[in-house]
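Here the chain labels run A, B, C and D in written order, and each chain numbers its own residues starting at 1.
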Amino acid sequence: MPTARRARLAVVGLGRIGRLHADNLANRVPGAELSAVADVDEPVARELAARHGVAYMTSFDELLDNLALDGVVIAAPSALHPALVKRAAAAGKHVFCEKPLGLECAACAEAVAAVDAAGVTLQVGFQRRFDPDWRALRRTLDGGSIGSLALFRCSHRNAEPPNDEAGLGDLIVDVAIHDLDAARWLGGEAAVLHAAALPEGVGATISLRFESGALGLIDVHRHARYGFECSAELVGSAGTARCGYPARRDTTELLARGSVSAPLALDHAERHAAAYIAELAHFAAVVSGAAEPLVDGADALAALRLANRAAQAL
Amino acid sequence: MPTARRARLAVVGLGRIGRLHADNLANRVPGAELSAVADVDEPVARELAARHGVAYMTSFDELLDNLALDGVVIAAPSALHPALVKRAAAAGKHVFCEKPLGLECAACAEAVAAVDAAGVTLQVGFQRRFDPDWRALRRTLDGGSIGSLALFRCSHRNAEPPNDEAGLGDLIVDVAIHDLDAARWLGGEAAVLHAAALPEGVGATISLRFESGALGLIDVHRHARYGFECSAELVGSAGTARCGYPARRDTTELLARGSVSAPLALDHAERHAAAYIAELAHFAAVVSGAAEPLVDGADALAALRLANRAAQAL
Amino acid sequence: MPTARRARLAVVGLGRIGRLHADNLANRVPGAELSAVADVDEPVARELAARHGVAYMTSFDELLDNLALDGVVIAAPSALHPALVKRAAAAGKHVFCEKPLGLECAACAEAVAAVDAAGVTLQVGFQRRFDPDWRALRRTLDGGSIGSLALFRCSHRNAEPPNDEAGLGDLIVDVAIHDLDAARWLGGEAAVLHAAALPEGVGATISLRFESGALGLIDVHRHARYGFECSAELVGSAGTARCGYPARRDTTELLARGSVSAPLALDHAERHAAAYIAELAHFAAVVSGAAEPLVDGADALAALRLANRAAQAL
Amino acid sequence: MPTARRARLAVVGLGRIGRLHADNLANRVPGAELSAVADVDEPVARELAARHGVAYMTSFDELLDNLALDGVVIAAPSALHPALVKRAAAAGKHVFCEKPLGLECAACAEAVAAVDAAGVTLQVGFQRRFDPDWRALRRTLDGGSIGSLALFRCSHRNAEPPNDEAGLGDLIVDVAIHDLDAARWLGGEAAVLHAAALPEGVGATISLRFESGALGLIDVHRHARYGFECSAELVGSAGTARCGYPARRDTTELLARGSVSAPLALDHAERHAAAYIAELAHFAAVVSGAAEPLVDGADALAALRLANRAAQAL
């Protein structure tokens, strides 16, 4: 029985999310294989390459020039994304780029143009679009049971700040950008009406208006303690759909002082474990011609524009 | 606008459940009014009568002879129930009798015969039949969505023992009798297959076979600490229906150590507050000719027979 | 045993909420009794008076002059509230006034001043403050388990529009005013940052900033179809607390197509049945000197100011 | 960085569960690798071997003789298990054997003796011991928050019969054996008090008594339609712990007719996906000396004895 060749992918940028992608490609992504890893920090790249039994590089150029890759997974710092995307596109490689596509719309637009000119695929890491709960929400909306959308409401909260150096800009452009993309995905084009931030940038609220006339409310928080939550509800003309905050386990203790249930997922890696695998499996399928892109450069640009407007509104 | 006269009822036996019925009749039962209370303990009767502004007696005979009552609510010790029911029937009064109808089937059968001969109504205090959740379970079964019944499963647990002197017999005849009545109500006639008790009679399990071929599993516990629970599920050929263990409030705290929800209802008085009102409202409606009896002497006898068989099986 | 005299109260304005208050006073409110009802529509007043066996009037002046009342419950159209409150205060009667206290701040301030001058009590009908779930939320916040408040989030949705003539103003001043009062009650003083409305005024969103620096997000909807919801969450520095959307029953059907649970409460009367009783019981206790007021004219004025600002922002 | 060698394992018997184990070993089990597959049906073995890029055999003897294996995963028909286990032990291979270890206690005891004599490991496929929810239940019990066990209650229901030829014996020895093992794991040694079956063997109930005096109630059903459920509760002297029936997704639709949530897991493969991986990962760790066995031949024998007694009691 002939087997379809697995897409040969390399991961560039080996911070937390890059290592997660590399681990998934090495062990869990149908249709893909990890061919190499790259990072400017040579010991980091070497260690990870050894763990997965693959090649490593410290230069992106060398990686592109010397290895027979089908595509690259870019997880470098956000500011570097547009240049790396352009470089990969010039080398004819399909690109999976972590969100955000960049920090400035102009650079991102250039990257998208380069990708289009090269005829390669660009998929952006909005993994929520591959989460089973969020996909079910979308199916519910498409299915008509809740009617037409009146309000998109979304809460996005981290238990602990994702890293130490995060500032207010990051809260919007790195965190809330997921919610802005989800808003567009579920409600169509939207504009930022208002945004407000908590002291020290620990959280923010954003109000949206969709072109359809529907409204949107987003809250983000970087230090909610109780776990990682990205819940949403779609209030429609005939009903409301929710996707929630799954507990780590389905267990409950019934005690005299009340019912105690298992904690929520600790962070996005745990909450979205399936989605991170599914998005790369989809990318592999796109690379091999078996699937159409689901979230592309235009989506990334639109989300970044909303994020930048929200950040300005603060 | 003419108003239907309220049924004039007296409560006999002023222990915990008798006082609850009196309080409901005085304040919350549509179509009924509390006319008098009676107990052999004169100070108890006097105090309660003063609180509700009604007459009191220490003799059941005097109560029946001297007051213009439509019916009586009997909440005396269980062993006395059959004699009191017969006496009330002889006086032509409609009877609401707390469960169990008595402790011995022969005496209960005589009481039922007396009621029939007198042409009065006998309603027995299986309040679960008036609970909104349990009634919804019955409607679901009748509606066909879960198909035909295969398994009736029920958990009946008190946070604390209802009183100090309760023994193993009481656990079945006073506590599990609710579940045996519920089993018959939802599944039809049944036989006890097996019963087993925990050390010191703190709990028991009962296995049933319904005439339909369906099975039943009941567990009762008198000291479960976490609250009062009477939950059930009906496993059917096309689906399963559950009614649960309602929390006292619909609130949740999300903390790093997990989710903490409000405790369950503390006891049957809290859990079944609505059912205790509804069963007396129904009795009042029966007394005034506006409704048909829902749970009668034959039901009480059948439940007592099952309870006695389960107690023997232990 | 001497019993405390029940507070003698009359209900003025016999629309839907007025009839509900009258029914509660007649049947369910500890410490109070319904003495009379009044409405300019004589047949309406006569019919309700007959049902409850009390006096009726079509003139508020006559009611105040001729009956020995301890207080009045004002449920007339909102625009009339300030004048009626002033008239009752002048007659030395304690006042329970439905929300809003009025439509214009100046008139309301005059009413509050009149009440203060007369030395009578004014309680405003923000029943959510007496709801067991919302009170539990407040206790959680006070207890410290979730730390200091960062975000107050609240959804307030009716299944069907409360009446036909409701406009956009009503959506804020009549509906969202509950949420604005709840925001103040739980988070302290606040200012409206932004508000937006759905087409045809079917819903709205409001953003708040509390003096503490915390943020608030409110969404209201008048035609959500699925039931009545007034849920909230308090995101704090150490955890989050939620109170939810209680189902009418605690039952579930497990079917091949998914789990189906009982519908939510249909409307505010069903959802807040206990709160409507509790607020009048509290008012009766205040009238009899046994309790302190919990929600007064200053609260009503502050909520109205927020509502008017939100309405202007639309 | 030196990496620990992965345990080389072969799967014998390529029915549904055998193929699942092979797929997990090939793709998802840390510390293990799939070296070969074997089945008497040559096309089946060839096809699966090609898919995973490994060797295949149609003879178990040849497999053991010719390949450098660390252990074998036996998923052949249950009646053949004891002979295959003995053969593998004689070849010095560690053994993972699907449940039940066999159908007759004598043959199983011989197999266990052979394993002991050979000094190899025998792990039996009670995957529930590796399920995160069930493990949490065990931790709760060990942690003391619910006190000492009074009642073990467990429901085990398949949406559809696992295969066509299943009879009543299978319902106990193949299905309920999981619950009997779980009962022993959580409650200690137990005896069957009673068992009863539904017509046509579609379900059964089993009553247990633990040596501690605690009671047990198990219900199994092979055609419950609504999904796969293996839920349990532990009623203890200080509280109760539950593990439930996880839904496939954490989504809800709120509609006028009620709340509709996602269906439960369809079958054991979906419900226990993580447990099936974890049990083989544990086996690999045992094979490599990094972990102690968690569920061994003595456990398998004890569960089989309970199952046989329950089957006889029907």
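Basically, a contact is a pair of C-beta atoms (placed from the backbone, for glycine too) under 8 Å apart; a residue touches a chain by one contact, two chains touch by 3 or more.
All values reported here derive from a predicted model rather than from experimental measurement.
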Q) Count of steps on the shortest touching-chain route from chain B to chain D? A) 1
Q: Please identify which chain has its centre, taken as the mean of its CA atoms, farthest from the centre of chain A.
A: B
Q. Quick check: more C-beta contact pairs in A-B or A-D?
A. A-D
Q) Rounded to the nearest whole Å, what is the centre-to-centre distance of chain A and chain D, using the mean of the C-alpha atoms as each centre? A) 36
Q | Centre distance in Å when chain A and chain B are each reduced to the mean of their C-alpha atoms | A | 57
(Q) Where in chain A do residues touch two or more of the other chains? (A) 225-226, 238-240, 245, 254-256, 262
Q.
Is the chain-to-chain touch network here best called a line, a ring, a star, complete, or other?
A. complete
Q.
For a test of understanding, state which residues of chain A touch chain D in their complex under the given definition.
A. 1, 3, 27-28, 47, 50-51, 53, 132-133, 136-137, 140, 145-146, 238-246, 248-256, 262
Q | Interface residues, chain C side, partner chain A - complex | A | 147, 150-151, 153, 155, 157, 193-194, 196-199, 202-205, 207, 209, 213-215, 217, 219, 221, 223-226, 235, 237-240
Q) Mind pulling up the chain B residues that touch chain A in the complex? A) 159, 225-227, 245, 247, 254-264
